[in-house]
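Order as written gives the chain letters A, B, C, D, E and F; numbering starts at 1 within each chain.
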Amino acid sequence: MRILVVNPNSTASMTARIGAAAKGVAAPGTEILAVNPPGGPESIEGYYDEALAVPGLLSAIERHEREIGVQGTVIACFDDVGLDAARSLATGPVVGICEAAMQTASLLGGRFSVVTTLARSVPALDQLARRYGMAGRCTIRAAGVPVLALEDPASGAVDRVRAGIRRAVEEDGAESIVLGCAGMADLARMLAEETGVPVVDGVTAAVKLIEGLVTLGLRTSKAGGYAAPLPKVR
Amino acid sequence: MRILVVNPNSTASMTARIGAAAKGVAAPGTEILAVNPPGGPESIEGYYDEALAVPGLLSAIERHEREIGVQGTVIACFDDVGLDAARSLATGPVVGICEAAMQTASLLGGRFSVVTTLARSVPALDQLARRYGMAGRCTIRAAGVPVLALEDPASGAVDRVRAGIRRAVEEDGAESIVLGCAGMADLARMLAEETGVPVVDGVTAAVKLIEGLVTLGLRTSKAGGYAAPLPKVR
Amino acid sequence: MRILVVNPNSTASMTARIGAAAKGVAAPGTEILAVNPPGGPESIEGYYDEALAVPGLLSAIERHEREIGVQGTVIACFDDVGLDAARSLATGPVVGICEAAMQTASLLGGRFSVVTTLARSVPALDQLARRYGMAGRCTIRAAGVPVLALEDPASGAVDRVRAGIRRAVEEDGAESIVLGCAGMADLARMLAEETGVPVVDGVTAAVKLIEGLVTLGLRTSKAGGYAAPLPKVR
Amino acid sequence: MRILVVNPNSTASMTARIGAAAKGVAAPGTEILAVNPPGGPESIEGYYDEALAVPGLLSAIERHEREIGVQGTVIACFDDVGLDAARSLATGPVVGICEAAMQTASLLGGRFSVVTTLARSVPALDQLARRYGMAGRCTIRAAGVPVLALEDPASGAVDRVRAGIRRAVEEDGAESIVLGCAGMADLARMLAEETGVPVVDGVTAAVKLIEGLVTLGLRTSKAGGYAAPLPKVR
Amino acid sequence: MRILVVNPNSTASMTARIGAAAKGVAAPGTEILAVNPPGGPESIEGYYDEALAVPGLLSAIERHEREIGVQGTVIACFDDVGLDAARSLATGPVVGICEAAMQTASLLGGRFSVVTTLARSVPALDQLARRYGMAGRCTIRAAGVPVLALEDPASGAVDRVRAGIRRAVEEDGAESIVLGCAGMADLARMLAEETGVPVVDGVTAAVKLIEGLVTLGLRTSKAGGYAAPLPKVR
Amino acid sequence: MRILVVNPNSTASMTARIGAAAKGVAAPGTEILAVNPPGGPESIEGYYDEALAVPGLLSAIERHEREIGVQGTVIACFDDVGLDAARSLATGPVVGICEAAMQTASLLGGRFSVVTTLARSVPALDQLARRYGMAGRCTIRAAGVPVLALEDPASGAVDRVRAGIRRAVEEDGAESIVLGCAGMADLARMLAEETGVPVVDGVTAAVKLIEGLVTLGLRTSKAGGYAAPLPKVR
């Protein structure tokens, strides 16, 4: 089985870490293709970056389905950028890492908190929590960490994420934690051990969900809002 | 006051009708600039079309704010395409025609129904209704009309929209109606007279809301998710 | 266009300030009639005051529609006192200042907070927020200010409102603020400048909404709960 | 224990039937005072009638608490007219018959339907269902019966109510039924036997709830929105 | 009228106190049978204890209906253990003390808080609040008191419950309080006097609700999810 | 990896079919143990059957964790019987087939419908849909098929399920379908091919979720409601 993992920003070092995390949990026989579109924002921090990242993301999905024959796709940005459009366009199933992580956390306890990067991303994640039916059990927190600080070990970013987790457990009643950025994919196990609560990373969670969908023979329904794009001038 | 009305698809005849509707309700002293980005999909029928329309929409807004000095912007596509990104990018207030129409309908009665174009657009509008707090009082219906059929008087589109309104009143308990496509902007008064219930068009509703915001001196808050884009490579 | 702005309490100085605020934002050609019924409570602070204010409010609306020919009505009490009954009775559209302010704030950002007068008014506003679909994004706060203290510059009321706004931004994550009393109508611009977030006053917001409805030719639907009162002994 | 049952409309024959129903379920030692204010609408069919009925209702409650010493009050109109104001004003507990009936029905099964009088009353009851947390399990239906037709055995009103119950069971999945008008108080047992599902009348349900509250020594909290009215000119 | 009050844990001293509280509020002519199943957990503190308590609870209800002819049943554990199964099995109505207390508190004010025993019980009560439509107005708090500490006057349990009530009023905006354990049944009046807000105990509240249902001739509907168990091997 | 799949009813032929379905999708290296407790109801059709099945289910989970070392558990009854108690008791993660199927369906489209066995099971599934945050996008339908009819090829059960799927697509706007009984586990692919929409079976969906959780090293959080049972007499 071939799974495409698209990082919609253009920072190759982040794509490499995302790919490594994905490969670390893939089943025997699953091939992971971790890519990022050539152009696009270097990081996604707010709605404007999201919007600009989508066309490149969609064209990467279309090309990998057509040329390489991937059977499922993970969108590796915690804002679930372009998810609806990707589901319309793609033949195989598509999963976003926010929805994957929230679903996974919901299997481990009652309340959970998302620890994300910057405060400006909180409202978008609040909207996703509502959309995914999780608003009643989920709190979104910002660690005050720019996305690219996660690429720099000297930035103190990990300490801030850890502090965010501790506050989530104490103040939000969080029983488990979701890491709210694809760039945190390699931190989950370490932070779980340090804090004593389950810590869910969306990239690895989404890889397992997509593997499951492909194994079960399930694809996006084309009977409603995800109908294939109509032929037209675009 | 200068108001920008952007039709995010590339069909100039629709832009012209939208512009005419907007000018028809503008206050004395309000100048309406109705434009569409040069490229982009010829109509927006589903999430994929939406995604491709956004970059052109954003650049049109940025250019008109910078070069011409518009004080407020209406996004004239009923999917409220790119609304969050536009609010982050723009200096002046931005209103989508779906939110404008739903807010306006909520002032006229209890339950209302949206009569939109194609069934594939219903799930996106259901999501918007939930997001805008209207899900408990609103039903979304498709009239089975492709967007560009609204440009063709011989298509029978108007009859289907009228039939959709009649069913909404009888079956949904709708007290008022929202027309679910910018291309229906010129039909509202005629359909209201024929059917006896208030019929709200989003383009004209949004023009009045934006005029109000500009008069009140109100702009998008930059204190949260609509903070201005950070400087970065994009 | 003639717009009626009814202050349902009997404090004429507050009616005068409300009227001045309304006139300050009215479009050229809009005539504002700011009135209060002759009897009724001197201020509205809780459900009992609300109930006693309604009959006078309704009779003022009926008389101004019949005798003077107003085309739309604003109810200038933040509890939206008598709004449903007024919509049944009136021929023209009716807007309450709470719904107007909440709708307006929802166009400017994600979360917002209402800063109202006394703690006893908070539950009624919580109910309105739920009814208007805003409960998920809105916090209600009391500034601890009796309504009539707003008529007395020496009362320190403005300082308390300003402090309430600051706490709302810090503690509630409010991106914009709604002033929760008609008696605060003249404070919005000053407080917005001082605090750096958009501040919405309901009186001025409602005037712009009513002007919009009248321009669009929209009236309350009589097809449901707002059907005209039946002839009967009352 | 003395319980006041106020019919807020001015139709004495309905008050008599309401009083008889209330007495029929009162515990030994409970004295029922069924009254209606002298003026006010002859029936309550819509928001305007509601608003006009409230001042008389409140003054009846105040007078009976002060002069006769009632320990609890039932508001016997299915719109729960004036309930919030009555709770602020009264010393003893106050229950509305809509909330009483909905609470009672929720103890008997999952989904239930309200069969009320006229279509114009449905939106107000939809709002009450949402306010009482019942919207997810409750459908409101109109039987097409004017309130005063219930006073006239030859009107066919009972047949329409029975037909409404049958449709509710078949089409809404109703497991139990709430009668949506105080004027139906004497029909519950007969209709339950005929239709085979539990049928709840609000008047009798409210009498039992008020008796319970008085026995338990529980009164309306004055710590929030139901604080006693402040001294002021009214 | 004979009412069965089942304590589903096996601690006889708690059953005795529950029975005394129930008898203290029963109407003349109501006979209270307070029992606990012979086996089962000594206290119910979490989902596992709940699950193990249910079969004994059900068999006690079945036996008392068949042998003694009780007309209604109260389940005296605040988790409303086995409530759905009991409603399916029993002929007469069944009320849980959590739903009884929450309904009763909702008649006394807007927001209320539940003060329960241990933190591990909070998520189960959060679920019940959502199910009963109370989530928007209710906060669940743990006092940090093991259930059986309530049987020991020297444990300091009452002080912790009182402190929890005080914090609920100050921090949650609670207008009334619900005691979140059957073992607190005898504390309600004392704590109400000490704290100045209404304090609702579920056991006594449920007794009054069941008396009401029996008097009104209302039983669980068998038309939906509470249909009688089918004959089968079990 | 060893996964326990517990059918909580006592019908061995159903356990065999469940086990076969589970093995059919398990990854290489996953060992499936499909069991049912020795006693318990022969099928689970309503709340009473659910309650009686739980103790045997819990003891099967405890024994297989202790004696055989399973790393994760699937509860193979669509009512998610005993899920909360099992999560408290077990060391490894536990997934119910209803939550697994609903989560999976939510990744494939907007609205979906559950086609279950008997009407009496619909209310319990409505509650689960609400609990899992799916109520806004999901309809529950009964096919009118007793559980054990699924064991009998001559019963016509499959035809009724197929008819239910067709009605769900036409009447509910379902974009995908969830099969609402573990006994339907082997029908999903056939029905998907016949009806043209994705059909999700909970048993196979849950196996993939549990495999994912075990691979990711994630277990139930013990920090909240799923804390391990306290030592006590039971």
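Note that in this section a contact is a pair of C-beta atoms (placed from the backbone, for glycine too) under 8 Å apart; a residue touches a chain by one contact, two chains touch by 3 or more.
If you're wondering where the values come from, they're calculated on a predicted model, not measured in any experiment.
Asker: Return the chain whose centre of C-alpha atoms lies at maximal distance from the corresponding centre of chain C.
Answerer: Farthest chain from chain C, going by C-alpha centroids: F.
Asker: Using residue numbers, check each pair in A-E, A-F or E-F against B-C and return the one sharing over half of the contact pairs.
Answerer: When the residue numbers line up for over half the pairs, the pair is A-F.
Asker: So what's the Cα centroid distance for chain D and chain F, whole Å?
Answerer: Chain centroid spacing, chain D to chain F, equals 43 Å.
Asker: Cα centroid separation between chain D and chain E, in whole Å?
Answerer: Here chain D and chain E have centroids separated by 27 Å.
Asker: Express in whole angstrom the distance between the two chain centres, defined as the mean CA positions of chain A and chain D.
Answerer: 52
Asker: On chain C, where are the residues touching two or more other chains?
Answerer: In chain C, 110-111, 122-123, 130, 135-136, 173, 175, 224-226 touch at least two other chains.
Asker: Determine which chains touch and list them pairwise.
Answerer: Those chain pairs satisfying the definition are A-B, A-C, A-E, A-F, B-C, B-D, B-F, C-D, C-E, D-E, D-F, E-F.
Asker: So in the complex, the part of chain D that touches chain B is made up of which residues?
Answerer: For chain D paired with chain B, touching residues are 122-123, 126-127, 130, 135.
Asker: Show which residues of chain F lie in contact with chain A when the two form their complex.
Answerer: 25, 27-29, 93, 95, 99, 103-104, 106-111, 132-137, 169, 173-176, 188-189, 192, 196-198, 200, 204-205, 208-209, 211-213, 215-221, 223-226
Asker: What residues on chain F touch chain E, complex-wise?
Answerer: Residues of chain F touching chain E: 10, 40-43, 45-52, 54-55, 58, 82, 84-85, 87-89, 119-124, 127, 130-131, 224-227, 229-230, 232-234.
Asker: Along chain A, where are the residues that touch chain E in the complex?
Answerer: 110-111, 136, 173, 175
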